[in-house]
Amino acid sequence: MKRSGLTLSDLLTYAALALALVVFLSPVLWMLITAVKPPHEWLTTPPILIPSELHWANFTDALVTWGGAKGLEDSLIVASLSTLLSLLLGVPAAYALGRFNTGGENLSFTVLSILFMPPVAVAIPMYLFWSALRLLDSYTALILQYTVFNLPFIAWVLKSFFEDIPRGMEESALVNGATRWRAFWQIAVPLARPAVLAVAVLAFIFSWNEFFFALILTRANVTTLPFILPVLMEGHNILWGDIAALATLAALPVVILAFALQRYLVRGLSFGTVR
Amino acid sequence: MRGRTARREIAGAVRLLPAMTSASVSVPAVQPRRRGDTGRSFGWLMIAPCLAMLAANSIFPLIYAVTVAFESYQVLIPVPHRFIGLRNFERIFSDPLFWSSLGVTAWFIAGVVLLQFPVGFGLALLLNRLRRYQEMLATLLLIPTIISTSVAAFQWVQLFNYQFGPINYLLGLLHLPQPTWTADPALALPCLIFVDLWQWTPFMTLLMFAGLRSLPSSIIDAARVDGSTAWQVVWRIYLPLLRPVIGIALILRILMAFKLFDIIYVLTSGGPGTVTENLAFFTYVQGFRYFNMGYAAALSLLQLIAVAVLAKLLIRLTRRASAATAKE
Amino acid sequence: MSGKSSDIQRNPGAVSSGLSRRNVLRGGAGLTLGLTGASLVGGLFPEEAWAAGLVNIEVDAGQNENPFRWNTDAMKSKFGADIKMIGLPFVGQYEKLVSELTARSAAYDLLVFPPYFLGDFVALGFLKELDPYFGLLDPQIGDDYIPVYKDPVIKRDGKTYALMYDGDMLQVAYRKDLFDDPSEQKNFKAKYGWDLAPAKTWDQFMQISEFFTRPPNLYGTAFYAARGFCYAWFVNIFAGMGGRWFSDDMKPGINSEAGVKALEMLVKMKDYAVPNILQVDYPALNEVFLNGSTAMVIQWNDLALKVANPKMSNVVGKGGYAACPVRTYLPYSRVMAVSAFAKNPEDAYRVAAYMQLPDVTITYVYDSNCGQDPYRWSSLKPEAAMKDHTGGPSLDATDAKIYVDAIREGLKAGYPELAIPGAPRYLDILDLYVSQALAGSLKPKDALDATAREWASITEAEDPDRQKAAYAAWVKSFKDVGVSY
């Protein structure tokens, strides 16, 4: 199958992929460009592609005036803690589902179905719930709420993984007197590291980007990044540059994270042979 | 060469698809009989905290939805709420807005199935043809998925701007008509579907691509030797073998399309009129703007049931497909 | 690229290297937790921040917070109050307020919201009566409050529950350079038979709009057509045609002949507006006038101040202002009220009373950096309209006079926004159906009939007798101050 030189189909492939890159990335590029444009260049005909200056004031405005710095901090706190909590609860749960088939198919499906619940359907009762606990506008409420959404995903993905790990090593450890806990913690978990990292990244991204519950459950104490953006859309002038700067700040951490861990992302979702 | 690498990857890779589809089919081959009982209780111990958290956070909404859905509960009216049986449901089914919101939801799902899947799969095929930089490209393409929906949506507000948006500018250069996009009742919904496609097709691509990569090359080589054309390889070999993956991808995306909210909130607020108001947004408005708690709870209950049924159905379908594939 | 497991299979000792990596991860997690510990403890279980002299003020985020900020130092020195602004998103402000106040949250001391919430808030006991606090700081209401903003807006059952902050009204802003142009005047007279001037009837308004519609560079008019407030532009016309919210026995008046005519006119107005009219909301409506692409708009009256601001406007000096034809609708506005659950009601009252004193309010109701508008006779001085809150220049002398006169004219014929219990729901439903008519999904008559049906069921659900009484009292309060209705 080896060819030397480009064939027509190769060229077409490259062209098509290039087109895909343009379609999927040009809005992001536009966002980056707008983020450094001075105000008088935000809305123009024709649209300006190369800003006349690098107007970093958009970023300082976004960070200081519009609470972007606090937004970053709050998003970081909520996303990392909920990811940690989800892993802490989800990895053992996945092990139980995968190794011992705890609860059988029904439990598995029930756990997974939480993922399918439309947020809007649970929004009102959860609002009343957190309100009754006086936990509205707190980190706790968001962290716990996001954990609830991350857990099923983590449990399911890792469950299949644990199912497929050969039992040999755990068996021999057990025979040699290790407790089940040690077999889990010191054998199974390290083996699962790529998968755990993959789901951790995905869980973090989900929590970082979550919009709906941030909208409903927070007010002023906790302001994650997606929540701040709508505020900038109202008022007498829409501040496109500031919005773009804030959006860039919001997007940068997760994009960096994804690239740093891209090996795990892609591999974490790759498959063995079909049975 | 590829086959062997693939096989080595089996041991260390996550198997998303078979897990989800063959939940009950995959019975572990060797059950550690020695510590059978403590094994089971250990399992329950491990899963207990997780279950506790999930239960605490989902039992309440469920009870709420079931109870309030049958009451005439409105937050702002200082009248005690009373049990009104199925009246809320009657109102729902006779409400033209409910049916139109169902229609809008259906359009989003159709967009996923009819557009996102072919494009995503096509891109995956293309990626598969590359010899290098596949992962890098896949991650690059994934950027729309990684950034927050609301962030993405805000950019599209600017891009769709009638007077100053780049899209209309480009169209103008090509002497094509410049539509008003989200201000046009006929175009608003396609715009939103497009934004959703833009955001999630790379995700679909990634799943498909991972699936393609894991296919044993032996089968493909055999087919090539047989003299099948590329097209036939795709139809007769890739698609059937990947049915489980496709199933998972579609399940995930259909259910996500069902509960879509962020894009609508940012771009159109359900407008113009109600042409972009889907079921989730409709429920939000009823519950959070009009405070018709009883009505909203009834809507929520319907959605919870629908989603559960839909999910079970899709999973069963996919499982049958994967079992059939296994036989081939 | 080989899997970790293959490593382990070949070398069992590899497990320990996994442990050290895991330890690093553990360490990292611990560090994160430690670093965020302090802020976390505070944020995990939020205590509503309170200190003696601190007033938590809820207001919709953005430009409407500014007057408070501008007066922070003054208030601190006058009565030692520190203020903390809590900005809520404009869309969704009602929901957030209701949810919090229903839960008796003490997070806010002073609330800033539109008067059409007042009916509900008073009925649900969310607000403190303000009369007992008048001794702390005399609000100087007297005859200075413009009648349409006095008792009808701030009192219920004879008790004061709110003080004015922002007196909104809809106003016509037009390009006086176009209106004064001799060739335009000639052509207009030739076509329509009367002299080009700000419209006195709605038919005249439509003619002017038609005349100036010259795509793609100039359009005749624009209005808020997006979902959210499009109802207000409908009511503006409806009022001019003699429409009433309800009949005396609470039958919806919205689908009367006046209503249908008004809505049909609004739908027709789309033809004279920018093509993406259905997306035009408050900022966009400002935009289309400020960038010179529209000849005449009906917008909240603070637009004039933005026209004069070179940083915001391409049409500085070209703006003319007039009252709306026949009647002027007063949508939205803002009042200040003290929460019934406030931890610091006295200082909250002092802040509110201070902010609306004649000398204070006159400094910010003509500033382009906030959205506040006059509600006192003493504010309607052209000289005041020429300065912003820092004393810098605002409108020029001629424009200031025209502007202030237009406000006076409009408020004389002001038409009240519904403010009985349930008002937010009535208005939201109206907005929903008006937006559908504008989008073409429903015919105007069908849209209004559907609205009337929904209104009837809202009235039914609330308590028909109580609604009738509340409506009667509200109508009477307007008649008592001389507003025709």
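Per-chain numbering from 1; labels A, B and C assigned in written order.
By definition in this document, contacts are C-beta pairs under 8 Å (C-beta built on N, C-alpha and C of every residue); 3 or more make two chains touch, one makes a residue touch a chain.
Predicted model, so just to flag it, every value in this text is computed and none were measured.
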If a chain touches chain A and chain B alike, it appears here: C
Interface with the most contact pairs, given as the two chains involved: A-B
Intercentroid distance (Cα basis), chain B paired with chain A, Å: 15
Centroid distance [mean C-alpha coordinates] between chain C and chain A, Å: 36
Chain C, residues touching no fewer than two other chains: 3-5, 91-92
Multi-chain contact residues (two or more partners), chain A: 165, 191, 194, 215, 230, 233
Residue list for chain B, restricted to those that touch at least two other chains: 9, 11-13, 163, 288
Residues of chain A touching chain C in the complex: 73, 77, 80-81, 84, 127, 131-132, 134-140, 165, 169, 186-187, 189-191, 193-194, 215, 219-222, 230-231, 233-238
Residues on chain A engaged by chain B in the complex (per definition of touch): 1, 9-10, 13, 16-17, 20-21, 23-25, 27-28, 30-31, 34, 43-47, 89-90, 92-93, 95-97, 99-105, 107-109, 111-126, 128-129, 144-145, 147-148, 151-152, 155-161, 163-167, 171, 174, 180-181, 184, 191, 194-195, 198, 205, 208-212, 215-216, 225-226, 229-230, 233, 240, 243-244, 247, 250-251, 254-255, 258-259, 262-263, 265-275
Residue numbers on chain C that touch chain A, as the complex places them: 3-5, 8, 12, 15, 18-19, 21-22, 29, 32-33, 36, 39-40, 43-46, 60-63, 86-92, 96, 99-100, 103, 105, 107, 282-283, 286, 306, 312, 371
Of all residues in chain C, those that touch chain B in their complex: 1-6, 9, 91-92, 94-95, 98, 102, 120, 123-124, 226-228, 274-280, 293, 422, 425, 428, 432, 435-442, 461-463
Interface residues, chain B side, partner chain C - complex: 5, 8-9, 11-13, 72, 74-79, 162-163, 180-185, 269-275, 288-291
